[in-house]
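Note that the chains take the letters A, B, C and D in the order they are written out, and that residue 1 is the start of every chain.
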Amino acid sequence: MQTIGKTFEEIQIGDTASFTKTITETDVYLFAGISGDLNPAHVDEETAKTTSFKTRIAHGALVAGLISTVLGTKLPGNGTIYLAQTSNFTAPVHFNDTITATVTVKEKTERKRVILDTVCTNQNGEVVIQGEATVLCPRLPKTE
Amino acid sequence: MQTIGKTFEEIQIGDTASFTKTITETDVYLFAGISGDLNPAHVDEETAKTTSFKTRIAHGALVAGLISTVLGTKLPGNGTIYLAQTSNFTAPVHFNDTITATVTVKEKTERKRVILDTVCTNQNGEVVIQGEATVLCPRLPKTE
Amino acid sequence: MQTIGKTFEEIQIGDTASFTKTITETDVYLFAGISGDLNPAHVDEETAKTTSFKTRIAHGALVAGLISTVLGTKLPGNGTIYLAQTSNFTAPVHFNDTITATVTVKEKTERKRVILDTVCTNQNGEVVIQGEATVLCPRLPKTE
Amino acid sequence: MQTIGKTFEEIQIGDTASFTKTITETDVYLFAGISGDLNPAHVDEETAKTTSFKTRIAHGALVAGLISTVLGTKLPGNGTIYLAQTSNFTAPVHFNDTITATVTVKEKTERKRVILDTVCTNQNGEVVIQGEATVLCPRLPKTE
């Protein structure tokens, strides 16, 4: 059993948290198998050379996964229910880019939803994904 | 080198494609490592038993990855550039659920974006993710 | 439920399809674990340096797997039953080689078997595996 | 550095070796990503239910990989060069079947090739793959 994250009452507008990981070829190749997405942009270097990206890139959906990592393990944390996500894929992620996913609380709604800005940046500070998450905060076991 | 998918000129409103996969414990555990999302809801059965879902569930971001599979490998297909995705996570995905991701073209914009309805359903026909993708279609190598 | 591939009646001599993937260290290391083939030629760089290949190479059986990908997902496609395969391993596959597996129908037998030429080439057009597959085409659900 | 396997001079007709592994869902799901073969027969339980096999089965190419394990790590062993393989897929392999790959030397040719019978059986003794391998035995480092 693990302790829960921040409840709706505890979480505050402006609260922020992040998680950083270098995205490797291994991540991309495993994700290709998990998702079934063996698009040549991700796994065929010869075809990828001919694209505007010039080389294989990571799946956007893989990188977006780092956002759920922050939401589910840091802020709000354990017990969070993920309701919705919007993502704009603003720049490609190359193998060995180090990506930081950051979430920042921007709204607490009347229906007890929490809305967070979600952004992923690479090691050069360039935004690669920008969007918004909607979550339900963890609830205390006995107060339901 | 691989042939490209449907161009903006070829793709039509109402075009649809899908991909189906049974989501297993293996998928969830590998995705936990790739994303870093080791939220107990996904990898801690004892804690998961105490949640409203009663057992471990798959990551929403993993399941959303099936949508990018259809976009990048079927419709529009090879050469697609993924610009944006919205996802509402409407029901949990349990281990061994068989998920079908279906995309359907609903709009071709003046700026040559294509907007598709994206829906993931389980083996009982229940919608688990509902949303919308925005993509750029593949372009013929010489027409740029 | 997914639509089936080409039936025996539909498939024609000369029909061809291919699949391309860059074979990485990740692929080789995962396949070593799956197959149990931890031959130093694949996973021990120091020993591999002393061989005629001068470095670690991919497993032939891994590369041959790309052939089954084309058969099972493209031609004949979903529903194909794989009866037999012959493979001659004609050149080594190095880490990061981009391999294209191509199958071409060469014979339709009286007993409704389909025989296909199967060849894998690298990014330089060199043949790395050459052989022949025997399959049963998918059958329509109700015609049996 | 590792010691080499049996040389052409040392190996004898009738020599035999085997390797056994339980093939799991994890093996099949990883191999799907490595090979790109996400055929519904392997990863879509709902579609697989409607086939003659009634459930998902392992990739034949994955199971055939166990043969190369025996050749490369046991007989002839380290230093073996794999020239050719024929495989007849005689029965499906289900998740959690325990497969034994056995190779038996049947011929030493004038051109110093060794030909081995290769057979994979399941836990019930049923033959799932039957075929023949052609290899070059390891050579002593200094005698070349």
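As a convention for this text, a residue touches a chain if its C-beta (ideal position, glycine included) is under 8 Å from a C-beta of that chain, and two chains touch if they have at least 3 such contacts.
What you are looking at is a predicted structure, and each value in this text was computed from that prediction instead of being measured.
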Measuring between mean CA coordinates, which chain is farthest from chain B?
D
Same or different: do the copies chain C and chain D touch each other through matching residue numbers, with over half of them shared?
same
Between chain B and chain D, what is the gap in Å from one C-alpha centre to the other?
35
Can you work out the whole-Å distance between the CA centroids of chain A and chain B?
15
Centre distance in Å when chain A and chain D are each reduced to the mean of their C-alpha atoms:
41
Going by the contact rule already set, what residues in chain A reach two or more other chains?
29-30, 33-34, 36, 38, 40, 43-44, 46-47
Which residues of chain A touch chain C in the complex?
25-26, 29-30, 38, 40, 43-47, 56
Residue ranges of chain D touching chain C (in the complex, touch as defined):
1-2, 19, 21, 27, 30-31, 33-42, 44, 46-47, 50-51, 59-62, 64-69, 72-73, 78-80, 82-89, 141
Which stretch or stretches of chain B touch chain D in the complex?
19-22, 24-27, 96, 98, 123
Note: in the complex, chain A contacts chain D through residues 29-30, 32-34, 36, 38, 43
